[in-house]
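Look for subunit A in each of the two complexes below; its partner is subunit B in the first and subunit C in the second.
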Partner chain A sequence: MARRTLAIRLAMLLALWAVWEIAARSGLFYEGIIPSSFLVLDSMGRHVGDPVFYGHLARTLYEVLAGFALGSAIGLAGGIVVGAHRFTDEASAPYLHGFASTPKIVFLPILMLLFGAGPGSKVGMGAFSAFFPAVIAVAAGMAQVSPVHVKVARGFNASFLQIVRKIYLPSLVAPAITGMRLGLGVAIIGVLLAEIKFSDRGLGHLAIQHYNFFRVADMYAVLLLTFALAVLANALMGRVGKALLRRPVPA
Partner chain B sequence: MRRGAGPVLAGLAAVAGLAVALEMAVAAGLIGGFVVAPPTAIAGAMPKLLFEEGVGRAFLVTFASTFSASALAALVGIPAGYLLYRHAWLGRAYENWIAALFSAPLILLYPMFLVIFGRSPAVCVAMGFLVGVIPVILKTREGFLGARPVLVNVARSFGAGEAEILRKVLLPAARPAIFTGLRLCLIYAMINVVGIEFLANLGGLGFLVGEMFDRYDIPAMYAALICLVLTSTLFYALTGRAERWLGGR
Partner chain C sequence: MPLRVAGVSKTFAASDGASVQALDDVSLEVRDGEFVSLIGPSGCGKSTLFQIIGGLLQGDRGTVAVDGNALNGSRRDIGMVFQEESTFPWRTVLDNVAFPLELAGLGKAEREERARRFVRLVGLDGFERKFPDELSGGMRQRTAIARTLAFEPRILLMDEPFASLDEQTRILLGDKILQIWRELKQTTLLITHNITEAVQLSDRVAVMTYRPGRIKRIVEIDLPRPRSSEIIASAEFGRYVGLLWQDLREEASRGMADAERTTA
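Let's look at the complex of A and B:
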């Protein structure tokens, strides 16, 4: 029953909020560690109305989009190369999966050595993060391409480029979208964590500045806004992916 | 699936070739030695890392955080998954939310834990728990839902109580799914623990990488990164083995 589900959810949210407020006012915690939700909401309002916030947002958006585009492009191309033969696929799999299951943020020092402490290393972090889901998904997709289709195309004397365009690319749309959807999520995380660790601008920088000056309510506000934006971006990407997949594949 | 040694050897040869190429590029001055440490220098830094910087201890710290977070996640997640299964209205209300949290960038909230717990290993454990408990809940519920209703009904008609049905029918049926959830939990917990160790400079393998960078000991930093990648690769493979062994039907 939808009404009951809604009621339970609302009750849950109210209960969480009540627990938060009680914790904030109980005096059990050190002063300021858990600020009242009204203070956080007020700070959110101030941030949203402040042009400075949008400056940081613009930097983060630039880093995420550039990193995501770069990492996805390299990952998609790499996936096609690696997945083209079973031999290269098997040779590279342990390394790709090994890196993929390591937290990417620890590679930030290398990226800072390569691209400096500015936005370059954050773009690099986003690209490095987005690369792995893309390459793994596309390499797996290449293995799924039907050999019969390739043989038929060869039988009709299709050129190499024609085979790539008419056989491989159409069957790689779905894995590419999956890889990019996951890639955007991790690129956002990579960029923001890199900003938190070391940067001069961006939403992650803003949050950690508030932390350093112990403006806890402001820090919570920025983190929650950033979190909401990240969730929104992921949902949007999911929508776009679904819409693209529903389109009929061009023959 | 049978696999030849060919691809493995080719992979190793590619890594060795890359190492030689890097060594030569650094020696020829094409790449600065402070950006990419020459592989021989990295190998030379390994003993120092092992015996002086305490990689072993860092390893133990990281795994202590990972396993305590996962144990907590199992303790909370399995009963929670059962509750969501047992009471369908709870399942309907929360399943989507929990699934949404699964893909949400929870690690971005770590500064909050830093404020609440202070700079202590508790931050790593709390973050590991939070990201780890979600797959445990989801997979446990999925496992219980997958149990064949006819088995539950037979047990009930033989007069089995709720506790007995849970122990003799539901848990055995859900075992593979629960172990899948626990494996995901361990992997996510470790990724997040190491990430926070690096970000917040809190003991463990992630801390070691940041520490070497702060000292500008570039070969040792690369050595620490290699240890970290090897550890997480092995962990990934071993938990996969454990899952198949413990969760196999």
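Let's look at the complex of A and C:
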């Protein structure tokens, strides 16, 4: 990354922090709504050193990862099926796009009826959220597979299965990664929302606990840690995606 | 191996309900080891014929025979180079070239060794590990040609492989093609709309009419072999170009008038 970009990012962070600290000390806000950043930092330190925090973290990680994996897998397979024919693609488009832009949280009651109030319904939320970006990106990707590439393979007498494995699948890597990057983001959102609404564990649960007992600095600490986690997950996905795109295809 | 096309016709149903007759009773023979070019104006049905010969498209009538046997199903003997950009962007040059060998089930070591030979043949040694987007258009087209050569076809079919390249690159690649042809001795049918290219490379040039595509005339190119691109400067070469242009001019004008009518 260019040093300038890095410098500007750092400056933005500092500015944000300064605004926060000034707001906290100005006395303009009702006491405790904006705690001093030092209190928040201190609380973050305490959380990171506390085994209880890791229990919540582990639960959230499990729910996000399981939901993301499940939703992506079904979404990728579904996208191939849907995108295989123009007919299925056109027929399903309004439903997929309609559902995709509906906030998934409205389905939480159904998921709780189906999978209980524990981690099951959160995994369900994650999966449900991650499914749509994956299915839409892959279905669109199917339409983008180059007809010339297919002809080249047919010209070399490739079998149907060879065409699927060596032309379609590699052509779908890029759209699948795009869909999964979006999917991971919305899976995190879905899981956290579900935890905040109703749960016994997880980062969302922890934040809402702090809120209920008016431990505002602690609440901010959990939110910031969650934010860091999301940034990390996104960066990791980006790395994995780049590596996958550039890797020569195995036989 | 000789290639014989006999009485091939093809009519497309256009989207607006009308139909376009692309090919009308096309017959053409390419003798064993011969280099024939098929030249015709844009839209005259060259790519259609290319796909029918390659077995990717079904003609309405007529037959395509290789070595006297009518083709059906397996086309192990015909290798195709496409008009459009066709390298796989997710594969390196070497993996692109090894693609047909991979389909045939060869092990990694063997197919890479064989692919290397064809990469060298088209002059891309040193670029084996590059991806297509790191190459120039001419290098990508050479990759596509090497990939088809690695299939080791007895008959090589090329559809305007240099259409998107500049004149100089095209002429130099012509030299390369002739050098490969001398080495591998495949029966070759080159489709083109470039007169210079057709004369530079071919034993015979078949001129096609504009829609419906028919073979209008076949011109024997009686220039010495082995040839190099220097021959372009000769008076003899110029005569052939002039001769072919006379035949083509009428067809190309019809094509252009047609295009103007449909866009008007």
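Just so it is clear, the second predicted complex is superposed on the first by the 219 of 251 C-alpha atoms of A that agree within 3 Å, B and C clash if a C-alpha of one lies under 4 Å from a C-alpha of the other, contacts with A are read in each partner's own complex, and residues count from 1 in each chain.
FYI, contacts are C-beta pairs under 8 Å (C-beta built on N, C-alpha and C of every residue); 3 or more make two chains touch, one makes a residue touch a chain.
Bear in mind that the values here come from a model prediction, so they are computed numbers and not experimental data.
Taking subunit A as the reference, the larger set of touched residues comes from B, when subunit B and subunit C are compared. In the superposition on chain A, A:Arg25 contacts neither subunit B nor subunit C.
Looking at the shared chain after the overlay, A:Pro170 reaches subunit C, while subunit B stays out of its contact range. When the shared chain is aligned, subunit C comes close enough to touch A:Arg154, but subunit B does not. When the shared chain is aligned, subunit B comes close enough to touch A:His97, but subunit C does not.
Contacts of A:Ile33 after superposition on the shared chain: subunit B is touched, whereas subunit C is not. Overlap of the subunit B and subunit C contact sets on subunit A: empty, with no shared residue. Of all the residues in subunit A, the ones that touch subunit C in their complex are 146, 148-149, 151-158, 162, 166-167, 170-171, 173, 245-246, 248-249, 251.
Taken together, the subunit A residues at the contact with subunit B in this complex read 1, 4-5, 8-9, 12, 29, 33-34, 87-92, 94-95, 97-99, 101-103, 105-110, 113-114, 185, 188-189, 192-193, 196-197, 207-208, 211, 216, 219-220, 223, 226-227, 230-231, 234. Interface of subunit B with subunit A (complex): residues 3, 6-8, 10-11, 14-15, 34-36, 89-90, 92-94, 97, 100, 103-105, 107-109, 111-112, 114-116, 187, 191-192, 194-195, 198-199, 206, 209-210, 213, 218, 221-222, 225, 228-230, 232-233, 235-236. Of all residues in subunit C, those touching subunit A in their complex are 51, 54-56, 74-76, 78-80, 82, 84-86, 88, 90-92, 95, 99-100, 102-103, 108, 131, 147, 151.
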